[in-house]
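Chain IDs A, B, C, D, E and F follow the sequence of writing; residue 1 opens each chain.
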Amino acid sequence: MIKQTELNTLSKNDKIDHFLLIRRIDLRSTKSGSDFLSTELGDKTASLNANIWEGFAELAARGKVGDVVKVEGTVEEYQGSLQIRVSSVRLATEGDGVYPRDFLPESKRNLNEMKNEFNQRIRSVSNRLLKKLLTQIFKEERFEQFCLAPAGKSWHHAYIHGLLEHTLEIIKICELMCEFHSDLNRDLLISGAMLHDIGKIEELSYDSAFDYTDKGKLVGHIVIASNLVWDEIKKIPDFPVELENNLIHLILSHQGKLEHASPVIPKTAEAIALYQADELSAKVNAYKNAVESELKADSNWTRFIPLADTDLHKFNFTDRSEEKSKKSLFD
Amino acid sequence: MIKQTELNTLSKNDKIDHFLLIRRIDLRSTKSGSDFLSTELGDKTASLNANIWEGFAELAARGKVGDVVKVEGTVEEYQGSLQIRVSSVRLATEGDGVYPRDFLPESKRNLNEMKNEFNQRIRSVSNRLLKKLLTQIFKEERFEQFCLAPAGKSWHHAYIHGLLEHTLEIIKICELMCEFHSDLNRDLLISGAMLHDIGKIEELSYDSAFDYTDKGKLVGHIVIASNLVWDEIKKIPDFPVELENNLIHLILSHQGKLEHASPVIPKTAEAIALYQADELSAKVNAYKNAVESELKADSNWTRFIPLADTDLHKFNFTDRSEEKSKKSLFD
Amino acid sequence: MIKQTELNTLSKNDKIDHFLLIRRIDLRSTKSGSDFLSTELGDKTASLNANIWEGFAELAARGKVGDVVKVEGTVEEYQGSLQIRVSSVRLATEGDGVYPRDFLPESKRNLNEMKNEFNQRIRSVSNRLLKKLLTQIFKEERFEQFCLAPAGKSWHHAYIHGLLEHTLEIIKICELMCEFHSDLNRDLLISGAMLHDIGKIEELSYDSAFDYTDKGKLVGHIVIASNLVWDEIKKIPDFPVELENNLIHLILSHQGKLEHASPVIPKTAEAIALYQADELSAKVNAYKNAVESELKADSNWTRFIPLADTDLHKFNFTDRSEEKSKKSLFD
Amino acid sequence: MIKQTELNTLSKNDKIDHFLLIRRIDLRSTKSGSDFLSTELGDKTASLNANIWEGFAELAARGKVGDVVKVEGTVEEYQGSLQIRVSSVRLATEGDGVYPRDFLPESKRNLNEMKNEFNQRIRSVSNRLLKKLLTQIFKEERFEQFCLAPAGKSWHHAYIHGLLEHTLEIIKICELMCEFHSDLNRDLLISGAMLHDIGKIEELSYDSAFDYTDKGKLVGHIVIASNLVWDEIKKIPDFPVELENNLIHLILSHQGKLEHASPVIPKTAEAIALYQADELSAKVNAYKNAVESELKADSNWTRFIPLADTDLHKFNFTDRSEEKSKKSLFD
Amino acid sequence: MIKQTELNTLSKNDKIDHFLLIRRIDLRSTKSGSDFLSTELGDKTASLNANIWEGFAELAARGKVGDVVKVEGTVEEYQGSLQIRVSSVRLATEGDGVYPRDFLPESKRNLNEMKNEFNQRIRSVSNRLLKKLLTQIFKEERFEQFCLAPAGKSWHHAYIHGLLEHTLEIIKICELMCEFHSDLNRDLLISGAMLHDIGKIEELSYDSAFDYTDKGKLVGHIVIASNLVWDEIKKIPDFPVELENNLIHLILSHQGKLEHASPVIPKTAEAIALYQADELSAKVNAYKNAVESELKADSNWTRFIPLADTDLHKFNFTDRSEEKSKKSLFD
Amino acid sequence: MIKQTELNTLSKNDKIDHFLLIRRIDLRSTKSGSDFLSTELGDKTASLNANIWEGFAELAARGKVGDVVKVEGTVEEYQGSLQIRVSSVRLATEGDGVYPRDFLPESKRNLNEMKNEFNQRIRSVSNRLLKKLLTQIFKEERFEQFCLAPAGKSWHHAYIHGLLEHTLEIIKICELMCEFHSDLNRDLLISGAMLHDIGKIEELSYDSAFDYTDKGKLVGHIVIASNLVWDEIKKIPDFPVELENNLIHLILSHQGKLEHASPVIPKTAEAIALYQADELSAKVNAYKNAVESELKADSNWTRFIPLADTDLHKFNFTDRSEEKSKKSLFD
C-alpha cells in the first residue's frame, strides 16, 4: 500500500504530491479556443476536481477512468469547494507499484476479524450437508472474492469488504430472530444468509470502480447465486430435494417482492426473516452514510436522496447541547 | 384409450356407463343426519356433479381427487344444470386399463404434426452451438415431457400438449418478427422461444390434475429453466459467454416485467420480441377460451374474469345475421 | 383463573364441562321450521362449533359475543372437524368468578420476565429527559394496559401481552443495530422503540375479543401515541424542541411508508432503523404463526394468506428426516 | 410599506432605484478569472436576474437569500428576457424601514374582507362547544399568523394570506354541500374546514421566503393541527368524546388518501366532503396560476408541470375572437 | 302511478296486497325434493325476500327479473329480517296499468324544479354558439331521457332523475368556482358540466333495473358523449375549432385520471374544475347514501364498502344528545 | 427531391454545400459580449451542431425551427463529435424548390410496395359493409395523409410512412393469429387493425418536425379515430349496431389498459389480439431503433432509455465472431 496523506484530511493551500485515481476525465475547450483537461481525481477517502491546463498531452491521449496518475500541485478553493491546482501530472507506471483498487473506499471494520466471525458461523451450522455445502463454496479464490467485493454499486455497503460486512450483519440479525423463535430452522436460515448475495461477486466489477458487469445486467446476482449453489449441491450425494428447494427459495426470495427483482416472494418463515434482516442491514447502512456524506452546507438536512424518496435529517442533538451546557441535559 | 361417449355430448335422460375422473369428493350429511358423497366427476370434455346416496363405503374410505371411478346411472337436470344420478359406483382397478391422464383436457391440434413442426425449427437454427444445445435438451424423456405438459394450470393453453402448442405459436410469431427486422438474431430468438417455458415441466404436475409442484412454488419455472439450460451449456466446450448470457437473459426476462416474476426485464431487441410474442400467444388463447366456456346463460357476456379484469364479450355477428338473411350482409 | 382442561388437548368423545367464551352466536332455523342456536365457543387455546338444539331460550335472548357460558356435553366429530354436542348450557354469573379476558389467547413468554426486561431498558437510557419521559409514561394503570394489550387484531402478536413482547423484540433488534453503528443515537432510538406502538392501548379493545375501537378507526394508534407523548413532554420543563421533534418523528414514521398510514416517512437513520426493526419483528411473528395454524390437511402448505399475498410453506425437514434416520443427515 | 413601481410593470430601459429581495445569490468567476455576483432580485410581483460586476464586496460577504438590497441601475434585455444592469447596490439597513415580508407575493383578495367573512362563519356555528373551540383557537397572535400564512410552498395559494383565502373557499364549498344534503352536520363540517390546515402556520416559514420548517418536515401540518386542536379541547370541560374523535378525524383525513400523507382515510360523509372541497379549491387555484405564469413564449401551452403530470393549455378564445369580430360570435 | 303503501313503511304482520317488481327469481328445491320459488320483490323504497311454496307454476315458467307481480300475503320476520309470506301471486297484465319503472328508486328532489333550474342555466350561457349547441342537444326525447336516467348503476345518484340531480349539483359547484376565479371561462365550464355525463343515457338501461348496455360496456359514456356533441357541433356553421376542442376536452377528461377511464387528463383550468366538481358531487352523495343504508345492526359503522376502501361511520351526535339534554350542548 | 450527399456519410474535413433543416436555433452571447447563433441543422439521416459567428443577421431575425437553410462550410470535430464550421448561410427561398418535409427521416420500406400490400388487405375483407367502410375511409387525400404520417413523435415508427409500415405489421400479425384461431372474426380484426391508429393523422403534425397538434393533446388519436369511423358508418345504411359497437371497441381498447389512455379495456378476443399485436410491432421497432442509435461510445450498451426503463444491450455476437473465425462457430 502506498503511503500518502489521505485526501479528506487536506485543507486549502496544502501541497499535493499524490497518486490518485481518475474518476472522470473530459477534454474541454474554453470559448477562446484553448483546450484543457477537466478531471475528478481521488483516493479511498475523497475526490476532488482538477482542471489541467498544460502538459496533459499523454494523459489526454491514453488516460481513462480507473487509471492512476501521479499529481503534483496545491489544494485551492473555488466557489466554496476545494479543488486541485495541478502543476504536473503523469500516468502511473508499473514501477510505481500502485494499483487502482487501493484507491477504492473500503469498510471501516477489520478484515481478519470479519473473516474469523464468518468462519466461526460456518462451523456453527450443525446440519452436516449444509456445512459441507458452505465449506465447498466459501473457499480459496471464491472466498477471497467474497471478502473483497462491495455489497452494491453505490447505495449500501458500497465499499471494498462491504459484502462480507453486510452478510455478517444479516447473520447476527438472523441469530437474534432464532433466539426469539426457537422453531425457525437456524441451519437453513444462517446458510441462506451466507449465500444470498454471493452472486454479487459476478454481478459487480470492483477493480478500479464499482459497476455492473454484462452478466450482472443480463442475469443479476440472484440467479447467478442460485446457479452457483445448485452446481455445488450437485456435488453432494443425497442432498435432500426439500432442503435444496428451501435453500434456493431463500436465495431467490431474499429481495422480498417481485418488483425488487425476486422471482418468487418469501413463502417460509425463514425466507421472510432473511428478507427483513437484509432490508434492516441495508437501509440503516445506506441512510447512515447518506446522512453523513450528503449534508447541505450549514444544514442538518441532506440534498434529496432518490432511493429514500426524501431529504434526510441528521439528528445531532448532543453536539449542539454541549456548546451550551451539556451537563444539564445528559448526566 | 378408453372408448365411451364424451360427457359434453350427453343430454338429460342419457344413460351413464362411464369411467370418470374424480375432480372433487366430500362426505356430507343432511340435516336429518344421513351421510352422502358429494362429488364432481369428469372426462376430458366436461365435469358434472354427482351426489351418491348409497353404496359409497369403499369410495368414501379410499377414493380421492385424481382417482378414476366406474359409474353407472342417468343424466338428470337439477336447478337448470345437468348432473349424474348414480345407481352404482366403484374405483377403477388396474385391470380396467384406464389412466387418470386420459381424462385430462388436451390440445385440439395433432400431436405428431406439432412435433414435426418443432423439430423442423430445431433443424432451421444455423448456429452450430445453439443447434447442439437444443438437440441435447429436446430429446428422449425430456422431450416427451415437454410434448405432454400443459402451458399453465388454468389460464392459457391449460391442457395436455398445451406447452408444445404455445411454444410453436411463439416460434411462428418470432419468425414473422424476423421477417420485419432482418437485424434480429433469428438463431438466438428462436432458441430462446423454444426454451423459455421448459421449466414448466417441473413447475407443474399433470398426472391426474393440473397443479403446481413444491419446486414450482418455491423456485418457479423461470429459474428452473435457466438452471437446466446452464447445465446443458456446461457440456458444450467453448460455448461463448456472450451467447450464454444473452440466451439466459431471454429465458429470465420473458415475462417482461419484474412484477410478473421475471428477475430481469428485457434489455435486448430479441428479449422484447420474445416477451411480446409470449403475451400475444397467451392472451389470445386465454380470452378465446374464456369467451367460449364462461358465457352466462342467454348472454353474449361471460362472468367477470379476474385475470382479464373484466367480463368478456362474444362477438358472433355472423351467426345471428345468417338466421335472418346472411346474403344481404356478406356476399 | 379457572382450572379446566384446555380445548386444544381434547379429542373425540371427551367430556365437556367447561366455561367457554362465545365467539359467534346466531339463531337459525331448519327447513322443517325448528329453531336452533349456532355458536362458536372457545378458550384461549382453541374454538369449536356447537349447535344447541334445546334449552337455549335464555341464551338466545341475552347472550352475545364476548359473554362466557357454562357448557356440558361431549366432543364429537362432524365432517372431519371436532365440534361440541351440547347437553346443557347457561350464561356464566358473577358468582362463577370467570372473566372473558381469561379466554383470550396470550403470549407464551413469561409476563414478569418481560416486564423486568422492559424496565431494565428504561434504566439503560442515559439521557435524563428521555428517561424522565419514559418513567412518566410507563407507570401505573397505563403500564398495566401496555403489558396487557395485544399488538394487533389478528396479524402479528395478536394475543394478550403481545404488545409488550413485540416491543421488547424491537428494542433488542435496535440494540443490535447500535452495536453495528455507534453513531446511531441509542437513547433516542430505544425511546422511540418503546413508545412507537403505545397508541394501540387505545386503538384496540381486548376485553372479550380483539377489535378496533371507534377512536382506533377514526384516529389510529400512530396519532394517538404522538398526542400522548406530546402531553407528557409538556410536563417536562425545557424539553428541547429538537429532541421532541425527532422523538415524535420516530413515532409518526414507524410504519415506514405513507400507504402504511404513517403521515411522514423515515427521515433519520434512527427512524429507518425503527421501521425496519418493526417490520422484522412483526413479519416473522406473523408468518411463523400462520405456518403453524393455517396448514391445510395433509399438506406442508397453508391456505392462501392475503396479508402475505401467497400460501406459505412449512419447512420441517428435521422432523421427517428423523423418522427415517436422522443421524445420517444431522450429526 | 415602501412606495416604488412594481417590477412587473417595468420595461426595457426603465430606471431601477428599488429595494428588492435577494432570491438567489452566487459568487461566480469568468473563465478569465474575474469574480462577479450572480443574483436573482425581486419584489412581490416578479423576479429578475442581475449580474453584479463591481462594488459587491460587502454584499458577497454578508448578503444572503432573504435579505433586502437597495439597487440602482437599468432594465435591459438579454437573450429575450429582461434583467437588471446594476450600477450600485447595498444591503438595506434598519433605517430604511423595509422588511423582507413586504417583498413576498400576496393574495389579491382584500384582507379585512376575508377576516370578516371568516369571523362571520365562526359566529354561524350553532353548536356551543365547537363555537367555543373555534373562538379559543382563532384569536390573538395565532389568528394573525393564520391570516398571514400561505397555504403552500409553491403549488396552490402560495402567497401571503393564501391560507385564509383557501380556507374561506373550502368553507363556502362545504356550505353549498350542506345545501344539497341537509343531513350533513354543518357545524362539524365547517369547524373541520376552518381547522384542517391550521398546522401550516408551524409547518411553513414565510418571513423572507416560503419554505418548510424542521417541524414541518419531521411532523407535518396534519399532526401539528390535531395536537393543537386536542390541546384546546382539553380546556373545554365535557367536550363529548364522539365530537372530539369526529373533529380530529376530519383534520387527519383531509388529504383523502394514505399516500397523500393522511394517516386515516375519510370514513364519514363530512370527511369526504372536506377532502373533496379541499381538492377542488387547491387544484383550480394551482392550475389557474400555472396557466398564467408558466406559458411558453408564443404558445397557449405551459412547460410540463410535474404536479399536474402534463403541460397545461390556456383557453383564451374570447380574446382572440375579439380581435377579429367578437360580435359575430358572442352577442 | 299505482297507489299502495310503500314497502319501507310496513312492519311485521302487516297485510300485503301489492304490485311489486321481481328483483331476483330462482327455482329451488328442498332436501326433501319439493320445489319452491325463491324471490326478492320490491318497490321504489325497499326490497323483501319471499319464498313461494305453492301456485307458482305460471310465475316459474314466464316470470323474470324486471317483471311486475301482484302479491297477496303478510309481512313476517325470519332470522331478524322482514320477509313476505305469500298467499297468492300472479304476473301483472296490461290491464293492471303498472310499469316496471314505477318500482325503481327515484330522486327525492322535485323533477319540475330541477328541470327549471337546468333550463335557466342554459339561458344563462352568453356565448351564442354554446347556447345553440345546448339547446339543440337538450330537447325533446333526448331531454326526457336525460331527466329520467340515473347517474350510475349503484354507487352515486343511482336512482331515476339522478343524472339531472347530479348535473345540477356540478353546475352549482362550478358557478361557485367562477365566483372565486373570474378568469375561468364560465360559458365553457357550464356547458361542459351540462354535457359531461350525457352519454349515460346510452350507457345505462333503466327500464326495470339499472344496468349497463352492450354499448355502455364496449364504448362507455365518455366516448358516447363526445360523439353526440361532435354530431351536433357539425350542424352549427363556423363553430370555432378551438372551442370544439376545448369542449370535447372537458367531456373526455372529466374523470380526471387515465385509470378512471378518461382518455386524456385535464389540461385546462376549466377541465380540472369540472373533474373536481364531479368528484365532490359524486363522492358526497355516495358516502351519504352508504352511511344511511349500509349500517350494521346496533352500530354506527357500515359493512366494508369496497369503493370507499373502508367501513364508514355515521356521526349522529345531535340525535343522541337530544335524547339526553340537547340544550346543554347546542343552544 | 434535392440531390446532395447525406449527412450521415460525411467525415471530418468534408465540404458542406447543403440545404439543411433547422432543428434548433438560439441566439447566444459569449462572456466577452459578442453574439452568435447556436443551431442544430440536419437532413433525413442525421443532425449536426453548428455555431454561426458572422453574417447571421437575417437568419437570427427570421429563421425558426422547421425552416430550411442553405449552408456552406466544413465538417470539423469538437470534443469527439462532428459539427459544422459555417462559412456562409442563408434561408432557402421558393426558387430553391426544397421543402422541410424532405428533411424528415422516413421508412426504409418501399412506399408503393406498402400501399399495394395495404390495398390488397382491404380487398381481402369479405364482409361487404366493412369493405365498404374501409374503402370510404382510405381514399384520396385521407389515404395520402395516412401513407405519409409517422406512427409516433419519437418512440416507435417515428418517421415518414411509419404509420403505414406499423399498420401493415399489425395486420400481418393479426393474420397469423387468425391462422392459429379460426374462430376469431378475421374481417372485424383486420378492419380494426387498419383503423386503430388512423387518428394519428390529426394527432401529429409532420410538416417540418414531428409534434403533437392542439387537437392531439386535447382529444388524442383514439377518440379522433372513433369519431371519424362513426361519421363514415353513418353514411352506410343498415350498418348493424353490433358490428359498429365491436369495431369502435377495437379502436378504443387498442392501447390495452386504461393507464395507457384507452377509455375501455379489451373485452373481446379480437380486441386482445389487436392490442397485443400493436404492442409487439411497436416495442420491437422501438427497441431495435434504440439499440442502433443510442449506443454509448465503445459499448454494447445504450444510455438509459426511459420508456424501456433500462439501458439496452446490443447483441452482435455474429459480427465479432466473424472477425476471429466465423467458421468454427456458425457453419
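As a working rule, a residue touches a chain if its C-beta (ideal position, glycine included) is under 8 Å from a C-beta of that chain, and two chains touch if they have at least 3 such contacts.
Please read these numbers as outputs of a predicted model, since none were measured by experiment.
K.L.:
Counting C-beta pairs in contact, which chain pair has more, C-D or D-E?
P.N.:
The greater number of contacts lies at D-E.
K.L.:
Compare the contact pairs of A-C with those of each option in D-E, A-B or E-F, and report the one where over half match by residue number.
P.N.:
Going through D-E, A-B or E-F one by one, only D-E repeats the A-C interface.
K.L.:
Averaging over Cα atoms per chain, report the distance between chain B and chain D in Å.
P.N.:
That gives a centre separation of 61 Å.
K.L.:
What whole-Å value do you get for the distance between chain B and chain C if each is reduced to the mean of its CA atoms?
P.N.:
Spacing between the chain centres: roughly 44 Å.
K.L.:
Measuring centre to centre with CA averages, how many angstrom lie between chain B and chain F?
P.N.:
39
K.L.:
Where in chain D do residues touch at least two different other chains?
P.N.:
Only 31, 214, 217-218, 242, 246, 249, 267, 311, 313 qualify.
K.L.:
Contact residues on chain F for chain E in the complex?
P.N.:
Result: residues 214-215, 217-220, 222-223, 226-227, 230, 241-242, 245-246, 248-249, 252, 258-264, 267 of chain F touch chain E.
K.L.:
What does chain C use to touch chain A in their complex?
P.N.:
Touch list, chain C to chain A: 126-129, 169, 172-173, 176-177, 180-181, 183-185, 188, 240, 242-243, 246, 249, 265-270, 272-273, 276-277, 279-281, 283-285, 287-288, 291-292, 308-315, 317-318, 320-321, 329-331.
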